[in-house]
Every structure is written in structure tokens, then in C-alpha cells.
């Protein structure tokens, strides 16, 4: 589904985002992306949706080479990927409902489809009652959940989440996590960048660890830290 | 369904960004208003001056002693000048015509009754093709034996010069100003629309990240631009109409006003309104469409 | 130290918000340029017309047969009109003066040598206080025994009317346009500055949350506004100066041009430049300062 | 230091921010503010800095009644409070250094003082090398640390942090936590809203729990969840 081959991204002169990363993620996998602050997790994600472009190496998503992809095709790539952004990236002038609906409207979804799908996903993330609020009128965690809802609503084949639980309390986090897990079980590939040690440890999924833009660990059924390797204290949730 | 969606999006954006909407509309309003006030004023002044300029004539006075042959010779000379393109028109005014003329122009024509004989000379009234060339015509006809030695050839050289000066100044200054105003309007509207995008750059970025194509983002903005253009231009036209009805027409109706005697035409209001509104909409649409290009390279 | 800090902040903001800075400066530039082009053009046209208007005079021709008493009576009548404020100035032109005058104005004065006697009448040359009241003066003097029955009183009634018409049209239209332009400039600049704040509203909010006082936030913006005003006005004045040197002065230097003969004054360039630049800076400062008030209620 | 007395805040018509909250925080205390997403933590903090105003009840900060405080005094209140915002609230056009310096400049700090203090605090949060970057050029966690640095640099008497570690990896979080703890030891009152169960459990400080804007728990030396009451598994870090 996703293949990174020797990908390097340097911001400006000398700020290293990713450093010769090679990585392959299969269809239907669930991958945790971990690493200290500034290790390149968001850079990885931004490269995947071609928000930025690699300096070296090739990136393939769903069989399509991003390096040679024409500018005009990029919107279609992005529609096939659901993305939860670290800073939410909600449209400030639109209500919660309209923010989620926008992701459907760009694909040409009918008003009927929108009327059906949006309330459905909003109730899944627990925001049914806030459909008519503006992003400014939401708490941090609520905004984060809107971003999650928008990424899910299209039922994309690839789902990327950059710290989707950073501003959520443990209970809500587990709810979102279960949602991601259920989506993954239907065949969607899920990549999730996170700092939530508890969650990663509990799920025991594939963990890709970055540091200073380099791949420092890529392990199946693993925990947040290397120290915990193999020490699967809890079985996968679900 | 799509046009409806884009229109709805445009209206949503207008409501959500009140400050920007007002600013853009006010800019169009001002630009259109100034053009709308300036263009007819300029045309009116220009036409007034032109009309007055056309009335500048030359009188070639004929000596009472001139023979018919001499007068015919003078007539041929003038016809020659017409063939050269210097003279537009010439009329023979007999002594009787002149007296009749004078009688008409006097408040109290009775003074004329006491005249023992007609003291007025016959003349050719010559309209120069170009008032600037009057002097040339005078030189060409001067000294002809049929011309009255005393009265000679009279032409309002000062009047001609004055009107010509005014006409030329107005034409150059006004033309230059209209050009400046046009360019300025387009720059100002483009400016405002560009600023309105700076305020919404992040929004456009997010739209792109969610998978919107360039045209999907652009259409609502273009429609928004058209609506700003239409709204601004319409209000400007309404204001101009108000001014026309309340001020200009009431001047024109005032019988004592010097303006009444002036039938210089200007551009018709409906034509002007149509041009201004259409221009507003087009400039708005182009302003939005073009400005957006920079922001769509996200 | 504080003024230095605020200036540095203003410059930082100008660099950081290039699009906004350019938009604001261009708006001031356009507004000042239009005013700067319009005001002297208007004054020039207005002065030209006024000057011509002032030259409109009335000639009261005196019969050769009039007695000295009669002429003195006429003189007293005219003086009376002056006391009433109708007449600005009157000059007695004797028969000799008139002939000398004519001799000067003729290309070939030799024709005059052959005259058996002086055919020209003496006259009073009367300058009306207001050319629009010429008719009144004529009526008042008409029929006086000293006035030549044939020649009567001549005044270029058409010329006067024409120039008056033009003058009035220009005065009203031009005055109205200057007012419109002034108001429009202020609105446009205020508009642009307001928009530039919409784009930076979040920034101002954050500043307030970090403990900045209103004036701490406002000063850099006011300085920024002054700098936009100065920059825009200076560029506009430079452009106007270029136009003056390249276009207007070269017209004036062109000896064949009708303009040469026109010595109508207009506003001096330095005075105009100073006024425009100062106005730009003040409008910029006020625009920023006032607009910001709304955003400081965070 | 901080006294809330029957404070109620309703957003719009019926969105409850805080519901008759009474609470008193002493000088030098360290308080964790916990609760599910949307429970009113950020509302509490926004009321403290008078970003919003209470509908009912009185709020006193450092002996000053916020209800009757004149608009012109608010900036001085805010300078005496260091605040880490949930959404960072950095000035977008300014470098990291200038963002932090701004908090000093508003107080009339001299250039010399700024040249001394800013690098000091930036090295404390591990951003020395990024002083000349713009916020846009930082990772989520790095931005969060800039917000932390700005709140600390003034050595305020009251420090409020709204999820200061939401986007940070566990190691960096601990660093920030230790920093907060050290600051608290010098006498500064610290209020921290957080979802980080691990951290709260480890620190064993006073915990104030909110739910739907109501105070549901106020306990000394407590853990994140009520279930953990008294079960102090680890001694306070430091």
C-alpha cells in the first residue's frame, strides 16, 4: 500500500525531516509511528499526501508513484487517503457538520448521501449534539474528534492519523482507538503517529520508531519502547 | 446541482467574512462611482466646449462700393478655400439680411427705424473647418478688393483661442484622468480581493489538503467576486441615479440657469449603468479568479 | 528606546506581511496619485476659464456728435454702476486710442494711412464685476444720448455665455468630483487597513493574551500605517513629478501649442507634494489607529 | 492565590462551560486539572486570564477580583500569569526567539535582559538550535515547547498550562513536568490541565476533576482516576 524507498527530506538548509527512510506497509496493516518530538512523524505523513515533496528517494502509495504524479492528480490521491492532522486543520468559518460534509462534497457526494453519512460519523465520535457549532466554539478534544470524523467519513482505503488522541482523555482516546481498530478490521490500512505509550503497549501492533528522521525500529506486535520488546503484557484490544 | 452548490458556498463565505465582503463591495462601489461620475461629467464638459467651439465664425465684410464681379471673385476665393478643406461652410449675408438680423437681436428695434439708410455692410459668414486655422483664412482673403477696407475681416480671434485652449486642456487632462481612474479601479479591486485571500489563505490550504480540486475551490470565490462586483456597481449606479435625479435634472429644469441653454449631450444613463454594472461583475470575477491562482499552488 | 522598538516592530510586520504591505501602499499610492493629478488639473482648467471669463468686456460706443457734457453724464452713469458693484473697471478709449489700437492689431497697418479721417468711435471699455450681469449693464446704459445710435453697446454676449456655461459646468462638476475623490480616498485607505487587520486578527488576539496593553499593540500598527502612507504618497508624488517634467512641461515648452499662450496658474508642485505626502501619512496613521480599536476589544 | 466562588459560564444558549464551580488554590500549590474532553478545563483557564468572563459567581486571582477589574488592568493581570495554551497561540510571523521575547517586551524588559533570558529558557525546553525558526517550521511538539518557554520566561507568580505535553513524547513530557515541578518548588503556583494519566499518577499532587463543568473530585496527593484513590504507587518525581 505504502512504499518509502530511501526517502530524504531536508527543510530549508539543514533541518532534517526524514533521512533515507525505507519502509513498506502492506494492505490492511495497522502501524504505530512513534518517536520523540521532532523525529519526523509528521514529515512522513505530509509526504504521503504530497503536501510536501521528497528531496531524494521514491514514494509509492496504492501503486502510484508520488514523485511523478501530476499536480492535477493530487486532489484524487488525497481523497483516497483519510488524514487526521496534528493541528486538526478545520475550516474556521464552517460548522462541525459542514467541515465533515466538505470532505464528501469534494468527491461529488450527493446531498442525500451527505445527510446520511455525516450524522452517522458524528455520533460515532460523540459530537452529534455539536453539529451546528463552529470550530471556535469547541474544546480542544472536540476539535480533534471533528478532524477524526472528517478523515473517516469517506471510508478511505488508507487512513493516516497524526496524534489523533493528543488532546483526548484516556476514555475518549480508547473510543477513538477502537474506532480505528474496527476500521482496520474492514481492510483499511491505518497509520497512526502517537506518543501514547499506554495505547501502543496495549494494542501490540506493528511499531515503526523514528529518531532524527531515521528508522530506528520496525517491529511487529511491539510496544512503545524497545525495552518492552516481546513483553506483550496485554493482548490486543478490540 | 453543482452551480447551486457553488453559489451556496459563495453566499456562505460572504456571510462568514462580513468585514471582507463589505471591504470588497465598498471598493467596487467607490471605483464604479468615481468612474460613473467622472465619465459623463467629462463627456458633458467636452461636448459643451466642442459645441461652443463650432460656433466660432469669420465675417468677411463687403465694401458697399464692391462690384458684383468683385463679390463673385471673393465667393470663388472662399469656395477655393472650401475645396482646400479650410472652410466648412459659408453664407452670403446681404445688407438687408444683416439689418434684419440686427433688428432681431435688439431689445428695442425702433432705434433702427430712424436710420436714413442701411449702415450695415453685406458680408460672407464663413465657418472654418478647424477654428485653429481661422488666421489662415483671414490671411488668404485679406486685401481682396471686395473686402471693406474699414471693417475688413472680423473674427473672434480671442474667443476662438480661449475656447480652443479650454477644449484642449479639458481633453488632455480629462482623457488622462479617465485612463488613470480605469487603471486605478482595476488595481484597487484586485488589491482588495488579494487581501481578502490573504485572510483566507489557511482555509484554501485546508481545502486542498482535504482533496478539493483547484476549480472546486475557485468557483465559489469567482462567484463571490462577481457578487461583490454586482453589489458594488449596483449601489454605485443607484447613488449616481439619485444624484442625477436630485441634482443634475433639477439644475437642468431651472430655467434661469445657464445650463439650460446648453444642450450638449452626454452618455445616456441606462447605457452607462449597464456598462458600469457589467464592468463591476467582470472585474470582480477576474480579480478573484486571477488572484486565487497564487494561492492554489499549495 | 520605546520609539525605536515600535519602529522596529512596524518594519518587522511590513516585511512579514508583504502582500498586505504592498496592498496598503498601492491603495495610498492610487488615492494620492488621483488626487494629485486631479487637483492641479482642475485648478488649471478652472483658472483658465476664469481668466478668459475676466476678459469679457463691454464696449459703449460714443457718438461722434456727443457733447462733452453728454460724455461726462455717461461717465457718471458708469461710475454709478461701479458704486452699485456691477462694474469692476471702466476705461475711456478716445478715437485716437481706438485707431492706435486697431493699427497695432492689424498685420498691414498701411491700409489705415489711406483713411481720410478717423472712422472709429470713442468708447468706454467697461469690465463687468460679474460677466453674468453684462446684460444688466447694457440695459442701464442703453439709450443714453452719448451712445452712438448705430454702434450702440457691443458686448460679446455669446462669448460671455459660452465661457460662463463652461466655467459653471467645470466648477460644479470638478468641485463635486474632488469631494468624491477625497471621501473615496479616505474610505479606500481605511478599507485596506481594516482588511489588513482581519488578516492579522489572530495575531492581535495572541498579543493581548500575552499581556500587551492596547497601546503597545497599537503603536507599531500606527507607525506601519504612517509608513504605508508616506511610501504610497511619495511614490505617487514621484510619479506625478515624472509626468509633470516629461509631459506637462514639454507641452508648455512647445511654442506652437495653444497652451503656451495660457498663463493660468495652478498649485505649485512643491506645495502640492508636501500636502499630499502629509495627507498620506495622516490618513495612514488614523486609518490604522481607528481601525484597530475594534480589534483591541479582545 | 486563586478563588472561584460559584462560577458559572454558559457559552451561547446552552453550551455549559463551567457549572457553579467553587474552588480555592493556595499560594505555591501544584494542581492537576483533569476531566474528559469538553468538561471545562480550558474554560477554567480562560476565565482565570479574563479571556472570557463568568456569567455568575466571582473569581479572585492574587487578591484581585476579576469581575470588577477594569479593562485597562487586564494586561497587567495577564503578565503576572504565565499561560501555556492548548493550541499554543504563537505569533505566526515571529521566530521562536521573538515569540518568547515578546512576553518580555510587553513588560518593558530591556534588550539586555532579553538577550540573557530568552536563550536560557529555550535551552531549558531543548529548542536552542531552533531559535531563528518560524512556528510554521516546527513540529507539533516543538511548537508546544515554545509555548511553554514563553509562559515560563517571565517567572510569573502563577503558571497555568493547558495540556502542555499533549503533543510530546513521554521523555520530553517528563522533562517539561520536571521543569514545572522545579518552578513550583521556587514558590510559583502551578495549575496544569492534562490527560496524561501516567504523569498524574506518578506525581501524586492535588487533583481537581471536572465533568460537564462540575467539580466532581478535589483530592490531595491523588491519581488520575478515582479508582486509584490513595493508591500512591510511585513517590513524587523531582
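Order as written gives the chain letters A, B, C and D; numbering starts at 1 within each chain.
Convention: contacts are C-beta pairs under 8 Å (C-beta built on N, C-alpha and C of every residue); 3 or more make two chains touch, one makes a residue touch a chain.
Not measured: the values here are computed from a predicted model.
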item	value
Centroid spacing, where centroids are CA-atom means, of subunit B and subunit D in whole angstrom	68
Centre-of-Cα separation between subunit D and subunit A, whole angstrom	28
CA centroid of subunit C to CA centroid of subunit D, Å	64
Multi-partner residues of subunit C (each touching 2 or more other chains)	17
Overall pattern in which the protein chains touch one another (line/ring/star/complete/other)	ring
Pairwise chain contacts under the document criterion	A-B, A-D, B-C, C-D
Touch list for subunit A against partner subunit D, complex	11-12, 15, 34-39, 41-42, 86-87, 133, 137-142, 144-145, 162-163, 166-173, 195, 197-198, 224
Partner subunit D, residues of subunit C touching it in the complex	1, 5, 12-13, 16-17, 202-203, 205-214, 216
Subunit B-touching residues of subunit C, taken from the complex the two chains share	17, 19-20, 23, 26-27, 30, 33-34, 37-38, 41, 44-45, 48-49, 52, 55, 106-108, 111, 114-115, 119, 132, 139, 142-143, 149-150, 152, 156, 158-159, 161-166, 168-170, 172-173, 176-177, 180-181, 184, 187-188, 191-192, 194-196, 198-199, 258-259, 261-262
Residues of subunit D that touch subunit C when the two form their complex	49, 51, 72, 75-79, 83, 85, 89-94, 98, 102-103, 105-107, 110-111, 150
